[in-house]
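Across the two complexes that follow, chain A remains constant while its partner is chain B and subsequently chain C.
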Partner chain A sequence: MNRRNFLQSIFAVLLAAPFALLFRRTKSALPGTLWQIDPSKCIQCGQCARACILRPSAVKCVHQYAACGYCLFCSGYYHDQRHKFDTAAENLRCPVDAIERTYIEDPYFEYKINEDKCIACGKCVKGCAEFGNGSLFLQVRHNLCKNCNQCHIAAVCPAGAFVRVPASRPYIFKHAGEAK
Partner chain B sequence: MKKALLLGKTIFVLLALFFLQSYLNYTSSKEVLPATPARDHSEQRQVQAVQTRIGSDFTRLQEDDTLTAFSGLWPGFRGPQRDNIVTDSVPLQKTWGADGPRVLWRTGLGEGYAGAIIVHERAYLLDYLEAENADALRCFALLSGEELWRRYYHNPIRRNHGKSRTVPACANNVVVSLGPAAHVMAVEASSGELLWTRDLVRDYGAEVPQWYAGQCPLIDGDRVILGIGGTAVLLAALDLRSGETLWELPNQHGIKMSHASVLLAEFQGVKQYIYAGIGGISACDDSGQLLWQNQDWKPPVWAPTPVPLDQQRLFLTAGYGAGSAILHLSFREGKFSAELGESWKPNRGPASEQQTPLLLDGALITIQPKDAGARRCELVASAISALPAIAAGSGRDHRFGLGPYLYADGALWILDDEGVLHVYSFADWRFTELSRCKVLPGVDSWGPIALADGIMLVRDSTSMVCLDLRKEP
Partner chain C sequence: MTTFFLAQARFPAPEFETYRLPELVMEEAVFDSSLLRAGLLLLFLFGSGYCFYRRRSRKALLLLHLLGLAVFGFLLHACPCPVGIVQNIAEAAATGAPLPLAYLLLFTLPLLCALFCGRLFCAGACPLGALQELMPGKKFRLPPALDRFFRLGAVLVLLLVLVCTVAGIGFPLCRLDPYLPIFLRSFNHPYLWLTVVFLLLGLLLSRPFCRYICPYGVLLRLFSLLAWKKPVITTHDCINCRLCQQSCPNNAIIAPESAASPAQRKRGLRRLELLLASIPLALALGGFLGYAAAPLLYPLHRAISLEQKLQQRAEPELAVEAFEKSQQPVTELSAAADRGRRVIRTGLTLSGLLFAAWVLAELLAQARRRPEEDIHCIDQTLCLCCGRCYQACPLEKPRPSQPDRRT
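Entry: the complex of A and B
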């Protein structure tokens, strides 16, 4: 190999490298299966907030609006010792104020999760499951998750709620009958 | 050289100032907003004020109302004695073949949890007519299911975990109903003729509780007793036939209307009406004089009616994290007083979220709420002498949601959330399942059960079924 060929080879490798990396990244971002939380098994233990390698966790509370009652008194929003049904901090169950409540029309209120704030503690999910319809539940958000296939939360989840789901159906929705 | 050093120091200081300013500008505390009370814009909330003409409309659906003779009676909330116990039941079929119990008829209903009553050959239900946006007292022929008439009125309310949720009461040929927006209506049971009405919001300044009114009217002899929780009146007695006010108990402490129904009980030989409202529990005698009041236990939502345990104690229970408590009543020098005793959370003792527990031979029987930990939604029994200990449970494979239950012919009849009717025996502090069958297609089968002489009416959120449980029809 002469010097010209050697430099041409180096140049070709440098040109091809980004495509190869891109291909590899694309392949790793779309595996056959992904981690997800089965809401019917989740016990809202709080491990999702603590065990994830990301801060805050890649697990977030999600809201299945079709199952929500849009109540004034939302047991996912208010803690057990609330004084009033308003939006003051002392009445709220979420420790980071990640649930935004908006009055729609009498008697309905909408509850929306601010994922930038949510830390996946599961407190609202527990309140919603114990007294409400169960429309709030935890899910791994795949736009945040590293999909490294070595999920630390899955390793410590005491309820075995972390399951593999097909990448084509990355989220688990509740059926109508399960939303209680 | 000095100039260069000076220039370098100046650049360093400027850079340091730049980074300091950047840090102060970008600190996350800038994005923290105060969590103040009205962030949801609920100040815009306007409760729809509709002038309702209660009982304005009537439709007769069957001209011939000659009905099959039937003597059964379930005339109001929790039956003839308001205790959900049938002491003189006909023998009931407790086990069934593959088809389950015999179905006499089924009918569709507006979404809700209202329970029916049985008065001889008729059944009455305060339904919600979805198409007409109306509360409707519907009268059915009990054994055929044919609707005989309906008395109704326009009441446009939005779905809020269903709409209907009360049980009417009947005595002396008068049916009294209380609608989701606290509209009271009295009609003649045989003809459906309107006798009198009351709008508890308009007439007394009452507030409709969250998820609409759940109180079932109490008829005691020739009077109707209502828990009002209005601006000035807490409880009122109205003449059953005319609706005329007999007495009113002043609302001294601003107690609001709850979902609980007025309890008629006798303590120390004194008959009293007891009402568990939002903000406190109160009792008055049959002339409307206050006997006692207690405001030490204040759940934000109160649905189960208190249960008298003995001559000194009332069992209080409510859902949404409240748990249960014992209220001790004492009678000294002609005066009653009420003192709050032990209280507990649902994971430590018997509790209930919606249904009123059942007191059976010294055993308090209830279905635990969903926040009761390992015993969530289990059927449990506690000796009233050893509360809050739970002495028996149906076990983790036998859970029932928030469904209703009653005791008849030596067995517990329980309807779970999904419309499955379960039969359990309870002996020697053990529950034993005798049979089960899905009798309703839908969900949220929370409406109280009616049972009279072997004919049972049960409902889910949108339908009702009439079952013939008699061994010998």
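Entry: the complex of A and C
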């Protein structure tokens, strides 16, 4: 072995050594984490609709029916400054008419989020949290999300509400029960 | 599920007679391709090794680039790619965050390959590189000194990215990646103008991102410094026609130098002395500049900027509102802010030192003359394995008048 080869070997070992250390840090073969919103921290700032690398956003509003009061005058559905409780657009919170309201039985209505329309602006979530039960909340939907190495919303979320969750438990529900 | 917080049930859930609560369907995550990509990466490394060292064919390499772009860029969404995994590695090393084995493989394979046979990763397996290589247009060759100077940009980017990651600012590289919107075919990117700039630059310059920005390229440069296998332009006796040097848009070909005349020797020695004497000064300057630049990074750090906003309270701020809602104690926040400031300060000081050391090392390497080599040869740390020089070398074109001495 000449001197150059000797130096090369030393250099190679020196460069490769940190990887041996890192190897002990590795967990499973597959990535463990996905991005998710912790609904208890979210303040519905509207960035979720704007900052996602995808448009429309991979975040959608989720309705946890078990916590819903099925209110006649839903504060997530109706605007604060509504003139009338009817379905005219100026009376509704959702700017894209993504909330579908169905009559169940007197005086209860079911509210369903149409995810194809939802843009994750969080306006209904805010209304529901302020005056209602808070059964609406925002979640990253993993069938849409590209799982960016750095989520672009997480980088601008003013509440620091984005967390990495294990892929085995990809959603953070707002209320107990209805775990899936 | 994992977390829930007790929202006040202002309106109790009604008891329905016939109605059933609709089922909540939450989808599984999309297929995670990282392990598959690590496997494919190995295949691609062999492929580019074959095309570059055996076939020695630019056409084959371009085909490989096309394949790599399709597979890694568009079919299997390339995120995170080895370039971005630099950050995951730094995070895992600094904070003990979990690091999936597939990421470590994606990161290590190209470096190991570089250790033995040069930057083959840049020849087909990197979707960012492939996109730039396939850009049409005549590529201008910058003057070598200017090129070397711009290349320092990549070193700076690497150091900054490491500091940001370790300080918990997030992964800046992933946010700034100019090619990401193209791979995702979604143009909602905060720095879309970077995409436009790099695409336009790519029409004029060869691999602008690779040479001047890519932090992984810096690591590849380091790892290939003493590579066992090096590319040779021609196995015939080089006639020093300089055609290969002119063909290389990446300035990776070193021309032979004549032995120095006594006057040149003297001047060279003076330069060397000056350089050696300025080492302490340069290091100190680098460290100081790094230290002084620390406040520039503070606003990017969540805890630090939140603390500042809390103190100023000029106008209602969303972040402040969220902080107050979270009822996190202020002491915890200022502790986090202090930690952030400390990491940024030390990190940037170290970065300044390292950067100064890098510049000095490059200047010292430049000061050396290489009269021992009397042929044009490739600097494998800068060579991106594009194969242009093979095409340009007149001895490489098999001509009937000239027997092929390779066999």
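Throughout what follows, the second predicted complex is superposed on the first by the 145 of 180 C-alpha atoms of A that agree within 3 Å, B and C clash if a C-alpha of one lies under 4 Å from a C-alpha of the other, contacts with A are read in each partner's own complex, and residues count from 1 in each chain.
The rule is short, and it goes like this: contacts are C-beta pairs under 8 Å (C-beta built on N, C-alpha and C of every residue); 3 or more make two chains touch, one makes a residue touch a chain.
Treat the numbers as computed from the prediction; the structure is a model and nothing was measured.
Student: Figure out whether A:Tyr103 sits in contact with chain B (first) or chain C (second), or with both, or with neither.
Tutor: So A:Tyr103 only meets chain B here.
Student: Under the stated touch criterion, which partner chain does A:Ala89 make contact with: chain B (first), chain C (second), both, or neither?
Tutor: first
Student: Answer with first, second, both or neither: which of chain B and chain C does A:Asp80 touch in the superposed model?
Tutor: The first partner, chain B, only.
Student: Between chain B (first) and chain C (second), which, if any, makes contact with A:Glu130: first, second, both or neither?
Tutor: It touches chain B, and chain C stays clear.
Student: Just checking: does A:Leu7 make contact with chain B only, chain C only, both, or neither of them? Give me first, second, both or neither.
Tutor: Only chain C; A:Leu7 stays clear of chain B.
Student: With both complexes overlaid on chain A, does A:Lys174 touch chain B (first), chain C (second), both or neither?
Tutor: second
Student: Is A:Pro158 contacted by the first partner chain B, the second partner chain C, both or neither?
Tutor: second
Student: Between chain B and chain C, pick out the one touching the greater number of residues of chain A.
Tutor: Counting contacted residues of chain A, the larger count belongs to C.
Student: Touch test for A:Arg141: chain B only (first), chain C only (second), both, or neither?
Tutor: Touch partner of A:Arg141: chain C, not chain B.
Student: Counting contacts the way the document defines them, which residues of chain A are shared by the two interfaces, the one with chain B and the one with chain C?
Tutor: Dual-contact residues (chain A): 69, 71, 105, 108, 129, 131, 176, 180.
Student: In their complex, what parts of chain A are in touch with chain C?
Tutor: Result: residues 4, 7-8, 11-12, 15-16, 18-19, 21-23, 25-34, 38-41, 43, 45, 51-55, 62-71, 104-105, 108, 110, 112, 129, 131-135, 139, 141-143, 145-150, 152, 154-155, 158-161, 165, 167, 169-176, 178-180 of chain A touch chain C.
Student: Mind pulling up the chain B residues that touch chain A in the complex?
Tutor: 34-42, 44-48, 158, 160-161, 210-211, 300-301, 319-322, 353, 369-371, 401, 417-418, 443-444
Student: Could you pull out which chain A residues touch chain B in their complex?
Tutor: 69, 71-73, 75, 80-82, 84-89, 92, 97, 100-103, 105-109, 129-131, 176-177, 180
Student: Okay, in this complex, where on chain C does chain A touch?
Tutor: 1-5, 7-14, 16-19, 21-22, 24, 26-30, 32, 34-35, 77, 79-80, 84-85, 87-89, 92-93, 96, 98-104, 108, 111-112, 115, 170-175, 180-181, 184, 186-190, 222-223, 225-226, 228, 302, 317-319, 321-323, 325-326
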